[in-house]
Amino acid sequence: MEQHAERLDTAGLAAAVARDIPTGSYVNLGIGRPTAVAAYLDPAQRVTLHTENGMLGMGPPAEGDAIDPDLTNAGKQPVTELPGAAYFHHADSFAMMRGGHLDVCVLGAFQVSARGDLANWHTGEPDAIPAVGGAMDLAIGAKRVVVMMSLFAKDGSPKLVPECSYPLTGLACVDRVYTEVATFAVTPEAVMVTATYGMAFAELAERLQVPIVAG
Amino acid sequence: MEQHAERLDTAGLAAAVARDIPTGSYVNLGIGRPTAVAAYLDPAQRVTLHTENGMLGMGPPAEGDAIDPDLTNAGKQPVTELPGAAYFHHADSFAMMRGGHLDVCVLGAFQVSARGDLANWHTGEPDAIPAVGGAMDLAIGAKRVVVMMSLFAKDGSPKLVPECSYPLTGLACVDRVYTEVATFAVTPEAVMVTATYGMAFAELAERLQVPIVAG
Amino acid sequence: MTAPAYSRVCASAAEALAGIEDGSTVLVGGFGMAGMPVALVDALIEQGATDLTIVSNNAGNGDTGLAALLAAGRVRKVVCSYPRQHDSWVFDGLYRAGKVELELVPQGTLAERLRAAGAGIGAFFTPTGAGTPLTEGAETRELDGRLQVLQYPLPGDVALIAAHRADEVGNLVYRKTARNFGPVMATAARTTVVQVSEVVPAGSLDPEAIVTPGIYVDRIVVTGERAARGEQ
Amino acid sequence: MTAPAYSRVCASAAEALAGIEDGSTVLVGGFGMAGMPVALVDALIEQGATDLTIVSNNAGNGDTGLAALLAAGRVRKVVCSYPRQHDSWVFDGLYRAGKVELELVPQGTLAERLRAAGAGIGAFFTPTGAGTPLTEGAETRELDGRLQVLQYPLPGDVALIAAHRADEVGNLVYRKTARNFGPVMATAARTTVVQVSEVVPAGSLDPEAIVTPGIYVDRIVVTGERAARGEQ
C-alpha cells in the first residue's frame, strides 16, 4: 500500500487511473469525468480508445475546423480520428463490449458495494428522469471495470458501501475504485486499499462501513 | 390451370421457374440444379441474386481470366460480380436469410409433403454422409420457398407425398413446386395444380397419393 | 439522375413518408444529432401520424426534430436508452406530466433487440442488466457462469435513418460515428426510409465497403450534404 | 516493414501457432477454398497439436489442408454444416470408420453460434432446424408465431482465418466472398491468427471499410498474394 501526503485533485485522479492502464489495452472511458483520463495516457502505453457509438482509435477532442458533427464520443462531444481507427455500427460496437473484448472501462459511480456491485445510472429519486445508456453493457462486459469517483458524497457519507441503496447497474462487476483519498481493489475476498492520498488507513477504516485491508 | 402438351425438359423447367419470379425480387438459387434458373431470368425482371457465402448482386458464372478463387457461389463455382454488388460476412448473410428479407429461394428436394414440409438434405441411409449447408435457413427464411425437382423418383414413386419419409429440412415451408410434368401451389387448404406438362390432371391425381385440385 | 418508376429514390421526404399509419412503431436513427434523420423527422411531423411508438437512442434535443414531434403530442411511447440530456426539456416535461410512456433499455440491448428483429432471432439471453431494476420480471437463467436475461426482438413498422451516400439499388455507406443505429434499424423495419446527401450510379460504391445492402432500403430521399450530416 | 516487440506480425506461421494445446477447439475460416487459411492449417499440422475439435463450414477438400490434418489423425471432432463434397474423401472415410465425430449444424446456426460467442450472447432462439432431426432434444419454444430452437455459443480457443490485408494494428479487410466466416470467427476465439497477403501502415486502410477491427486480431502472418487467395 502506497501512502501519499496529499489528496488527489481532479487532474491527479485522472492521471492515477491513466497510469495503471496496462500497455496495449483497449479502453472505454464512458462519459463525463472518466473521459478526462485520455489526456494523461502516455503514448508509450499504446492505448486504443473505444467509443460506444461505433469507433476504435478515437483521438483527442476536436477543436475549430476539426469539429465534424458526424464524429463524436459517447458524450456527444466532437472528437478526432487517429491512424488505424475503425468505424462500426451499434450492434457491432456493443457486441465488442458485451463479448468481453475491451480490457478496461472507466466509469463514474453513485455507489460501489463491498462485493463490487455498481450503481451509477439512477438516483431513484421520484422526479429524476432515468437514463442508462451503455453503462450496464460496460459494467458486465469489460475485462476490468474501473470506477473513478469521490469517496464521500456532499453530505460526507461514503459511496463505497456494504450494499448499494441506489438502483444497480451491474452485480459484482467493479474491480478497481479510484478516489481522491484512496484507491481500492475489490476482490472476492476483501476490499483492499492499494494507495492512500492524504488520509491515513486508520481514518479510512473508521469512516467506511466496509471492512478494508491494506494491500 | 394451364395445360401443355409436352413435358418440360431441364431448360424448360428452369425457364418456368424463372418466368414466375416477381419483378424486383431478391432471390437465392441454392446449389446444384436451381442455379440453372439464373440463365433464364429476363434483365427486365431486375432480379438481384443472393449467395449464402456473402454476396448480393451475383453475376453469371466466371470463365477464363475472370475466374477468381475468392469469388464463388454457394456451390463453390466461380462467379462474377454485377454493378451494385455488396459483400458481407456469414453471420450477416444468414441474418438476411433467417430474417425474412429474401423474396424467393429455389431449392431441390428429395420429397415435399402435402402440407409443404421439405426433405432435401439427407436420405437417411446408414452409409450416407449427412450435409445440410444453408438449406434449413433458406427453408424457414425466404418469403417464398420454391422447389424444383422431378415429380417421380427413378423407381416411379412420387416425391410429392402425404408425409415425408426422409429427414425433414423444414416444416410447412414450401410454397411452390415445379416439376417436369406439373407445377403446384402448396396452400394451407390444398395442393393446387397450376399447370400440367404432357400429363393429364387425371393421371396426375391417380399417380399421387396426395389429394390435388386444379388451380 | 433519372428515376424510373421502380426507383427507390423519392422526389420528396413527404412522398417517402406516405402511408405511415397512426399507432406505428417508428425506429429513428442517430446518436444525439449524429446520424439523426432530421429531414425525415420533420416530414413525419408534417405527415401527421399520431399515437406513435418511437424507438431511438435518445428522446429528442432542443425544440426541433424528435423534440418537436413529442411537443406536437404525436408520441405515445418512447423506447430508448438515454432520454436525459442537457437539452431534453421537451421529453422531460412530458414524462414528468405522465404524458409519454418510457421503456428504458440498456443501449446494447436496444441495439441487439433491433438486430434480432432483422435477423430472425426469436429471443436471446444477455448478461446486460441482469439483477437490475431494468430487467425486473424478465426470464433469467444462469449461462456461461453468470446470470442472463431473456430479451425479445424490437421490430419497427418504419425506420427513418440518415446515411452518407446511396447508390441506385439502395446500397448505403455512412460517415464516421453517424453510422451508429442506422444499419441495424434498416434491417429491423418493414419499410426503411433513408435520407442521404447524394445518390450515385450502381457500381460507384466499393462492394467491399457497403454497410447496408440495398435489400434493406425501400425509399431514398436526397437531402444534400448539410442535412445528411445532422446539421440544421 | 519494421516489427517492434509488441507487433502482432509474426515472422512465420510456426511462430504464430506456438502454444496451441492438445484438445483445443480450433475455428478454421473458409467456404471451400475461398478464405481457407491454407498456410496456417499446414503450420498446425507441423505444430503437432492433436485431439482437436475443428469448427469449419466444410470438412476438408482433396488431400491437403484440413483433409491432411484429418488424415494425420489430429481431429477428434468436426463441427460443420457441409462435410459431404465431391472431394471430401478423407473425412468420408474417417467418418464411416467411426474415427471422427461429427456435429452437423445448419450453416446459419453455425455462423450465429460463433457470433454469439464473440458478442457475449448466452443463448438464442432460432427457427432454423426446428422440427428436424438436427435439433432433436433441443429446448424449443413458440416465438413470433413459430417453433424456435435454443442454441448456444460456439467459442474457440484459437481461430485460424485468411484475410486480404492487415494494417499494423490488426485491422483487416477481405476480398469478395473469401470474407465468409473470417469476421465472426475472429470475434469468437480467445486467440485469433490471420494470414494476409500484406501488412500496411496504420492509417492506410479506409476506417469506414474495415471489416474486422484490430481488437479481434492477435497474430498476423504474411503469406503473400497467392496463398492468401486460397491457392496452393
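For reference, chains read A, B, C and D in written order, and residue numbers begin at 1 within each chain.
The definition used in the following text is that a residue touches a chain if its C-beta (ideal position, glycine included) is under 8 Å from a C-beta of that chain, and two chains touch if they have at least 3 such contacts.
If you're wondering where the values come from, they're calculated on a predicted model, not measured in any experiment.
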Set of chains whose contacts include both subunit D and subunit A: C
Chain separated most widely from subunit B, comparing mean CA positions: A
Gap in Å, rounded to a whole number, between the CA centres of subunit C and subunit A: 29
Where subunit A and subunit B are represented by their mean Cα positions, the distance between them in whole Å: 54
Between subunit C and subunit B, distance of the C-alpha-averaged centres to the nearest whole Å: 35
Residues of subunit B touching at least two other chains: 81, 87-88, 94-95, 97-98, 140-141
Multi-chain contact residues (two or more partners), subunit C: 112, 115, 119-121, 126-127, 146, 174-176, 207-208, 211
Touch relationships between chains, expressed as pairs: A-C, A-D, B-C, B-D, C-D
Subunit A residues within the subunit C interface of the complex: 51-55, 68-72, 76, 81, 87-91, 93-95, 97-98, 122, 127-137, 140-141, 167-171
Footprint of subunit D on subunit A - complex, ascending: 23-24, 26, 46, 48, 50, 56-57, 81, 83-88, 94-102, 140-141
Touching residues on subunit D, where the partner in the complex is subunit A: 6, 115, 117-121, 167-169, 171, 187, 201-203, 207-208, 210, 213-216
Interfacial residue positions of subunit C with respect to subunit A in the complex: 31-35, 57, 81-85, 88, 91-92, 95-96, 102, 104-112, 114-115, 126-134, 146-147, 174-184, 211, 229-231
Subunit C-facing residues of subunit D, complex: 112, 116, 119-127, 141, 143-144, 148, 152-153, 173-176, 206-209, 211
